[in-house]
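There are structures below to look over.
Both of the next two complexes hold subunit A, though its partner changes from subunit B to subunit C.
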Partner chain A sequence: MSNIKVEICIGTPCYLMGARELIDEMQKIKKEYKDKIELKSLHCIEERCEKAPIVKVNGEIYEEVTYDKLQKVVKEKLARL
Partner chain B sequence: MGLVIDEFYKSVPKNGQVVCGDNVEIIKNDLETIVVLSDGLGSGVKANILSTLTSKIAVGLIDKKLPLIEIVETIIATLPICKVREIAYSTLAVLKLTNDGYAHIIEIDTPSIFLLRDKKVEKIPMEERKVIDKTVREAKIKIKQSDKIFMVSDGVIHAGIGALLDFGLGWEGFARHINNVADSYHDLKNMIEKLIDICMAYYLMEPGDDFTVLGLSFREKRELTMLSGPPQDFKKDEKVIFELLEGPGKKVVSGGTTAHIVARELNQKVESTFDYYDKDVPPIMKLKGMDLVTEGLLTLNKTADYLDKHKLGQLYPEGKDGASRLIRMLLATDYIKMIVGRAVNESHQSLNLPLELGIRTQVMNKIAQSLKKLNKDVEIFWY
Partner chain C sequence: MAANTVSEIVKIKRKIYIELAKQVLNNKIDERIDKIPNKIAKEDGDRYRCCVHKERAIMGERIKLALGFDPQSHKDETPADLLKREGEEDCCSNIVNVIELACDSCPIDKYTVTDSCRNCVAHKCVNVCPVDAIVTIQNKAFIDQKKCIECGRCSQVCPYGAIHENIRPCVRACSVDALTSNSERKAKIDYSKCVDCGSCIQACPFGAISDSTDLVNVCRTIIDQDKKMTVLLAPSFVGQFGAKIQPEVIKSALKEIDFDDVVEVGLGADMVALEEGDELKEKIAEDDFLLSSCCPSFKKTIDKHFPILNQKVSKTVSPMVKIAQKIKETTDHKTVFIGPCVSKKAESCNYSSVDYVLTFEELLCIIVASNMNLANYEQKEKMNDSSAHGRQFAYSGGLSAVMLDLLGDKIDVIKGDGLDQCMDLLEKIMEDEIKLDFMEGMACQGGCAGGPANLNKTQVTKKLVEIFAKKAENKKADQNEKTA
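And then the complex of A and B:
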């Protein structure tokens, strides 16, 4: 069972605004932490497309996510495990 | 026979050349397919211009519905003769094949056509006649539903010269390879790819001449129904989904929001994937009952750009990304029913996209136009 669930939106706006780079980087982090991170893609979280890219971490929604921001959130959560 | 003709070819330029001296032109209508293969003398740009000239003139005259033999006579009379080598600047092979299997073949200075019947190559008996100072070979035969026809340029017959063989593969040699390939491959596209590989191997991967392999076969008509975009009036969601499900052939959905609407109406779940193979094309999705579910805007734009450049007979793109998959499905289909929703996607408005990228109706129209040029029957239903 994974401890941290990261869901990245891959709808057109999110994809254009950098979701692909987020996926790339998260896949690298996942290799390091293996089962502790569950990585998923999904579509259009609550119509927040204006704030793309959108990522959900353990159900919590993050807007205008950059890689640095996502990495920080994930690492903080990993530290608390 | 009520069937349609599939045609594919691949041309490989001589080692070190950028363009190929062989040229293929294909014209198609609802009743027949006409293929013209021309091989320009020598290789490179000069040969390319000569063969393009010859085949374009031939196709232009055929389009004017002149009798085939008259066209060939005109071309022979016009073809310039190389002063040094005293031969015509380019060769010509013309094949007219009707959907009910009547073939008319004319060949000048080109290897004879290969007829693959019951997994064995046969040579088609040809009548010879002199036109001006050229020997023209001509045949009219009935082709069976299960037959395949192969046309090649002499680079195939000469494969191996300067490499593995002293005198090249020869007509019989290539016929043997067609027999072998027919034993293990069924699909025309795969057979052509394989035959090209074989020629490349004889040339030790450095072809000493331009070469082309072209194949034709019959198949049943294929149909496809494609839905893209939510309808302007959301009350029509249900109707649009009904149109999709009741539409003919394979089912394709293009667009994330659209996929979710289909899923909602079907009481299913859209399964997102992470597998992206092309950085410009978002991953495909999965939805029970649908043959392909892609992202919308980016995938469709990529598809439209590709189809705009695609020439009849060219092999399909190989990629595993959503656009390549969609392109392959569209190209392999004869009738395409497009259901296009005109709802404006609010989320795209905030992105300041270039105008032509942002408008679904334009992209879908562009795709439909390109498909029509490739002789596909396309109908668009707007919602």
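And then the complex of A and C:
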């Protein structure tokens, strides 16, 4: 079964732009879909700090991520599993 | 005031602060300051107001506040004009300010009839209204706003809940009735009542109320090679810079971005605990009681709303002032207090020992502007200024637990947790309804751990502070030799 790997940057610029809340919310989704989602935190993603918060989903980088945006991306990928 | 969500309003404010700090630290602020709004609000970017021009204009007002100027009194000046007036800042007159341009003039009709009205036969609303303000027009109840005295009885009796109580978020958040509106229906703060707690700043969904900041002046001091500066970290600092960022890492990192020393305000709290403890002993001997003095909003609430109780307030200065005075005794450093508090900004204006006050958020903006990433930073420097007692001041109940620990369990201690509860208790004290020796008053729910400028959930901060307090080498304030 293929997993969805969500990597959220928790470096200081991303933390300041709401990374912690993204993690909190992702953990809620993770509970629902259990082993289908792998959640990791990273310390910096390609130094794209100007566009914080940065999240990688299955290797693809997303900038200025809001919770709505992230949820949409993850749910779309879940639907395709 | 628990979890402060990072809303779009918060993000915009932080982007402005990071950009300002960056330009000051790189010595380019003079040429760049007026370009900041254009850089952040792009033509094709997300839009929250009518147009990009308004978005930018509001950013300009925020920059004025960040320079320490009240945007209302400096409407015709640009941020660049104000930048040249260093030293003339009016931030000490009012800390909490309304940005009129951003205020949406929310409706101020307190009671309105909604579509749920069925024009029922009983029409209890009409019957209960003491001023005959309700009539039925076109099959629906109607409130004549000119007659309405906002008593709320109609809303209570309607069986359909069809009469809506409309309170502006800022007004609802204010425990001391300091928010009114001006002739243009913009929010207006009555400073004779305001206690600087910062609740309205958090409550306004348009970001129209904001606190002034020393951000620019702190950055100026950082790059000034002739000036040295000591950071005073409030007891609630643990976990504020990222849940996994250890206190020892924060200390080392702050020194790397050119702060000269980092000290725990907990040490000041230890000193306060001892002094206030002695004061309390005297009061008890005189069969009198003592009100705590470390929360400036609580102190201001007494001064503005219960002035008769002023003489009962402890004469001991706050932990912030205590530690700053101690630093000034032995060094020529500038002092900058870092905390979760808006009210400390106002308090610092009365004490020359505290040069600047920043919130955790504002310091983090400076850290980001300095290209420092705490998640990657590994160096550590030991923190050992405070005993467990001093560290405990960070949350509601901490101070009173320390007093019980120092004086024995026989004293009557009450806690005011949050401004509403404080007001309630103070009223009861006035009416002689409570017997007490000591009252701990904290304007924020949860104590400083629940302050308006916290970056973490109150409970998380409390837990992390408790762990940090357990690690202290000295358990009690009277064991801490540094208090001497």
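Note that in this section the second predicted complex is superposed on the first by the 79 of 81 C-alpha atoms of A that agree within 3 Å, B and C clash if a C-alpha of one lies under 4 Å from a C-alpha of the other, contacts with A are read in each partner's own complex, and residues count from 1 in each chain.
The criterion applied here is as follows: a residue touches a chain if its C-beta (ideal position, glycine included) is under 8 Å from a C-beta of that chain, and two chains touch if they have at least 3 such contacts.
Everything quoted here is computed from the prediction, not taken from an experiment.
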Which one hits more subunit A residues, subunit B or subunit C? B
Which holds for A:Y15: it touches subunit B only (first), subunit C only (second), both, or neither? both
Examine A:L39 and indicate which partner it touches, taking first as subunit B and second as subunit C; both and neither are also allowed. first
Between subunit B (first) and subunit C (second), which, if any, makes contact with A:K69: first, second, both or neither? neither
Applying the document's definition of touch, where does A:C49 land relative to subunit B and subunit C: first, second, both, or neither? both
Doubly contacted subunit A residues - partners subunit C and subunit B: 10-13, 15-17, 20, 43-44, 49
Flag every residue of subunit A that touches subunit C in the complex, lowest number first. 10-13, 15-18, 20-21, 43-44, 49
List the residues on subunit C that touch subunit A in their complex, please. 5-6, 11, 14, 18, 241-244, 361, 364-365, 367-368, 372-376, 456
The answer for subunit B against subunit A in the complex is residues 256-257, 259-260, 270, 272-274, 276, 279, 282-283, 285, 295-298, 345-348, 350-351, 353
Residue set of subunit A touching subunit B in the complex reads 10-13, 15-17, 19-20, 23, 27, 39-44, 47, 49-50, 52
